[in-house]
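Below are two complexes that have chain A in common, paired first with chain B and then with chain C.
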Partner chain A sequence: MTQVTAASKDLAACHVCCKLASSELHHCPRCGAAMHLRKRDSIQRTLALLVTACLLYIPANLYPIMITDQLGQSEGSTILGGVILLIHHGAVPVALVIFLFSVMVPIGKLLSMFYLVWTVKRHSRVTPRQRTVMYQITEFVGKWSMVDVFVVAILVALVHLGGILGIRPGIAALSFAGVVIVTMIAAESFDPRLIWDEMEEQDRGS
Partner chain B sequence: MAAEQANISQGRSISGIWIIPLLALALGAYMVVHTWMTEGPEIEIAFKNASGLEQGKTKVKYRNVEMGLVESVRLNDDLDGVIATIKMEHQAIPLLVKDTQFWVVTARVGLGNISGLDTLLSGAYIQIEPGERDVGERHFVALERPPQTPAGAPGLRLKLTSENTSSVGVGDGVLYNGFRVGRIESMVFDPNDRLAHYELFIDAPYHTLVDSQSRFWDASGISLSAGADGIKLDTGSVDTILLGGVSFGLPPGISKGEPVASDTEFKLYDSYDDILKNPYRYGLYYTTSFSQSIKGLQSGAPVEYRGLPIGRVERVMLKEGLQNSIKTGTEGSGTAIPVLIYLEPGRIGLPDQPQSVEYLKKSIEKGVTLGMRASLETGNLLSGSKLISINYFKDVEPASVGELLDYTFIPSIETGLGQIEQKLNAVLDKINKLPLEDTLGEANTAIASLNATLASLNLVLESESTQELPEQLDKTLQDLQGTLKGFSPDSEVYQSIQSSLLRLNRTLGNMESLTRTLSGQPNAAILPSDPVPDPIPEVSK
Partner chain C sequence: MNGDIACHGCDLLVNVAELKEGESASCPRCGHFLTRRRPNAYSKVLAYSVASLILLVLANSFSFLSFGASGLESVITLRETPMAVWKYGMPEVAIMVAAFIIVIPAMILVLLLILCIPLERGRYRPWLIPVAKGIFLTQNWSMVEVFIIGVIVSLVKIAAMATVVLGISFWAYAGFSICFTLAVASLDRYQCWERIEQLGAARA
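For the complex of A and B:
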């Protein structure tokens, strides 16, 4: 299957206004933004941000995400600790939701992004369509993994009963927000067209 | 347009984006290092039980500042206690020294005070009281209850021992003339010496009131006594009636002693009356033993030295004596009965201090070699009560102090009625031993032979010749009378003898003048005598 791509016609799309212009141009003739054939240093940026996310993910899980001050006694709870506590209390569906969005989704995102970067780097030609779907899901789900941070933020704002009961965010809340933000930027900086470029070159070559 | 053509070079240059993960890494590394650097030590504290200790919740506080958190609570290896592992703060390191004390603060409601109410809401916490030593320590044993006195508080810590666990308890006051100057810090009953051991703390500046002559007595409760002079009620303050307490002071007649050091041990008397009965603290136990009857010798009987009371009889050690004789295999041989006596140097005017005891000890040791002996004497002839007297005796077998039943032994001597009794016994024994039987037998035979002699004498007397003897005697006497009549003054014989004697007298007179002449002039019988010229007196030159 041979397709005509912009790149094959020496055309590049503006990152900002999506105007197709000659790839030889440095700036978009319409909006004046910098023009590149592909996103600049896409692989490196994505990888760097992924590594950052991985680093941030460590304190996010080790430190308490939420500190409950109850009658002068403070008790911190980590993400996994909270999940286990909820299961013990019988709130399995809530536990599952939190586990899904706070543990499964960030890890899944990180792993899928690493896989995509790795395959592009290897010039792999395996199932580009599936990889594109994977990228789309990752990008979509990324917005929703902030659930945990939102929960904490709302609880901190709502529960504030002086010395009797109070909730404070822990270090993990910040780290976890960092993980989500950095992975979102990583997903954004990844250029999915790189998945297909290999196929183009193959087609052109054949 | 060649010049404007983008120079597309897929340079493998490292993107600046890598700063972000490096930054994250640096931040993480900083956090790790910082945590590691400021990480406090992990300590272990042994508790009797985990009451109030909650994993991850119970805090360690010093001056109400959080200094650590209980990380885990587990049983110890012997399963007889719990060990709490505690993560301490970095700044707590100087507090963790060898004599640092830990205890659990919970709400305590006592008769005297209520404390730790805040822990009802916040839960128990562990309190640190830092020690003063410089040696760091990571393993501690928690106190069972809060110390009554903070470490390093000025004052004096003393020890008390009591023979019976009285109503004095931990936290009770120590009173001086009814004023609270300290408190009981701990109480332990030791089953080995069967004494209750108290630790008390006298706050500064009242600790100067305690000296070596101070006496401590149990001031708890109410003492009620009825006597001839009415009913007497003794109480301390209302505090001590309800809570108990210890009072101290000087007994009457005893002068102030030396200041005492920390941890000096004192005896806790049961009551003030007890002190009045036994005002002396230092004394010595001795044993002595008696072979004579100790009937009437009772515990508490006086021991006197030349009539001065110097101690008392503690008890008759009959049981120990028997055991000792069984041990040494001399049972049944009439071993002397040991008696334990207690001598107090204070009673004879020596200062009531350990040196006096030493002095007494030496004096007795020397005295015994010089004839000092204990003897049993009757104190009261009517009741027969006895006392022990210590005195010097002459003509005693030399002896020295020995050891009997773990006490120094003073040899004894039998005197008084006992001695008389014994001497009488000895006399009777001697009389008993006389060979009366033999003597009587001999006398019997002598009498028998006398009898025979008398019988034969009778025979002689009964014979006719013997019967005639008086008549013959009569005749002889008549003859003698006739003879004597011839010499009477009227008779011729008497006259002639009389004239012969007169003549003899005259002859003797002549003889006398002759002998006088002869003695003056021996040659007078031969030569005619010359007249002697009269002596002429001369003038002395």
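For the complex of A and C:
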């Protein structure tokens, strides 16, 4: 089977409605969304957003994500501090869930997006198909890191008993939510078709 | 070019004109999902949307969780979760939480209803295109299933400190998250837009 891409026939696909139309058009003839052969400045935008996410990730880990006020004493806990505390309390499964969603997923997402951006213009031993799967996983897990922000919101609302016990949100909640949202937009800005464009150019060259 | 679809993962042109009802297509090159022709797709979307809309109203009408220790008790509703964050000086986080768990899902549900009723009855309506655009551009930003996991994690975290009771709203929200996910998943992007185009062409 010969493999023909839409781009080689000068067709652009609308990212909102899947319509195929001449790549010379600026707007989709069916739904009116802006149309491009490839997402515009995909690599630059993705990189800029990834750097933003990395910067936001620093305060997200250094500052407390929530502050517990108990009998007049305030104690802040960071994301990692919370995980360690849970392990000390013997709640290992919850600690693992929080570690997975708040530490592994955001870091893994940043690393895999950097890797994809890095390899897009270079030859890689990882096949384009494997890299596409990697991209799809990154895109899918994106919003799951929000779990920790929701946990903070629920605990803040729920846990307050007169002056005895209360929980306040810490500044890290804001920066961590920022990390999640910015990496989600970064994944959306990346165009996986660029991985395949590179491979086709190499095929044509050889 | 009729029946061609360009893979969103790798731009390969794939012809899906011969796809039969109940079948789905994936890209032969990169494996990306392309489209599925579900039998009675729009009535399924409508059924799930109506169910989740009712459950969302229920989830907003009763107590969500209650927390008690040493004779004191605190009860919250679903709405109070973002409102409490606002009260503690983080309006940005509060707006995000409210948007991801209530506002965006509710908006998508209303849009699904006004999109799928005409599609099911085979009528063209001038709002079909903007409504469908609204759904497909916002559907990634609903986090109802993530919120359910968040509630469960919170419960386990504080279960040792106090007694926590799940309210009616929690169960309604859990049901809502299932129905909502099914409603969104039952609407196929490619098939839906082809249908809108067909109806538009038939009317002209």
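Throughout what follows, the second predicted complex is superposed on the first by the 195 of 206 C-alpha atoms of A that agree within 3 Å, B and C clash if a C-alpha of one lies under 4 Å from a C-alpha of the other, contacts with A are read in each partner's own complex, and residues count from 1 in each chain.
The definition used in the following text is that contacts are C-beta pairs under 8 Å (C-beta built on N, C-alpha and C of every residue); 3 or more make two chains touch, one makes a residue touch a chain.
Quick caveat: nothing in here was measured; it's all calculated off a predicted structure.
*Asks:* Have a look and say if chain B or chain C is in touch with more residues of chain A.
*Replies:* C
*Asks:* Could you say whether A:Leu49 touches chain B, chain C, both of them, or neither, answering first, second, both or neither?
*Replies:* The first partner, chain B, only.
*Asks:* So in the superposed three-chain picture, is A:Leu116 touching just chain B, just chain C, both, or none of them (first/second/both/neither)?
*Replies:* neither
*Asks:* Touch check for A:Glu75: first (chain B), second (chain C), both, or neither?
*Replies:* First partner only, chain B.
*Asks:* Of the partners chain B and chain C, which touch A:Val141 in the superposed model: first, second, both, neither?
*Replies:* Touch partners of A:Val141: none, neither chain B nor chain C.
*Asks:* Which partner chains sit in contact with A:Val159 here, chain B, chain C, both or neither? Use first/second/both/neither.
*Replies:* second
*Asks:* Have a look at where A:Ala172 lands relative to chain B and chain C in the superposition and call it first, second, both or neither.
*Replies:* neither
*Asks:* Can you name the residues of chain A that touch chain B in the complex?
*Replies:* 23-26, 37, 40-41, 44-45, 48-49, 51-52, 55-56, 58-59, 71-73, 75, 182, 189
*Asks:* Using the touch definition up top, name the residues of chain A that touch chain C in the complex.
*Replies:* The touching residues are 1, 3-7, 9, 11, 13, 15-20, 30-33, 86, 89, 91, 93-94, 97-98, 101, 128-129, 132-133, 135-136, 143-144, 146-162, 164-165, 168-169, 173-174, 177, 181, 184, 188, 192-193, 195-197.
*Asks:* Per the contact definition, I'd like the list of chain C residues that touch chain A in the complex.
*Replies:* 1, 4-6, 8-13, 28-32, 65, 67, 69-70, 72, 74, 76, 80-85, 88, 90, 92-94, 96-97, 100-101, 129, 132-133, 136-137, 140-141, 143, 146-147, 149-151, 153-154, 156-158, 160-161, 164, 189-190, 193, 196-197
*Asks:* For a test of understanding, state which residues of chain B touch chain A in their complex under the given definition.
*Replies:* Residues 1, 4-6, 8, 14-15, 17-18, 20-21, 23-25, 28, 31, 56-57, 121-123.
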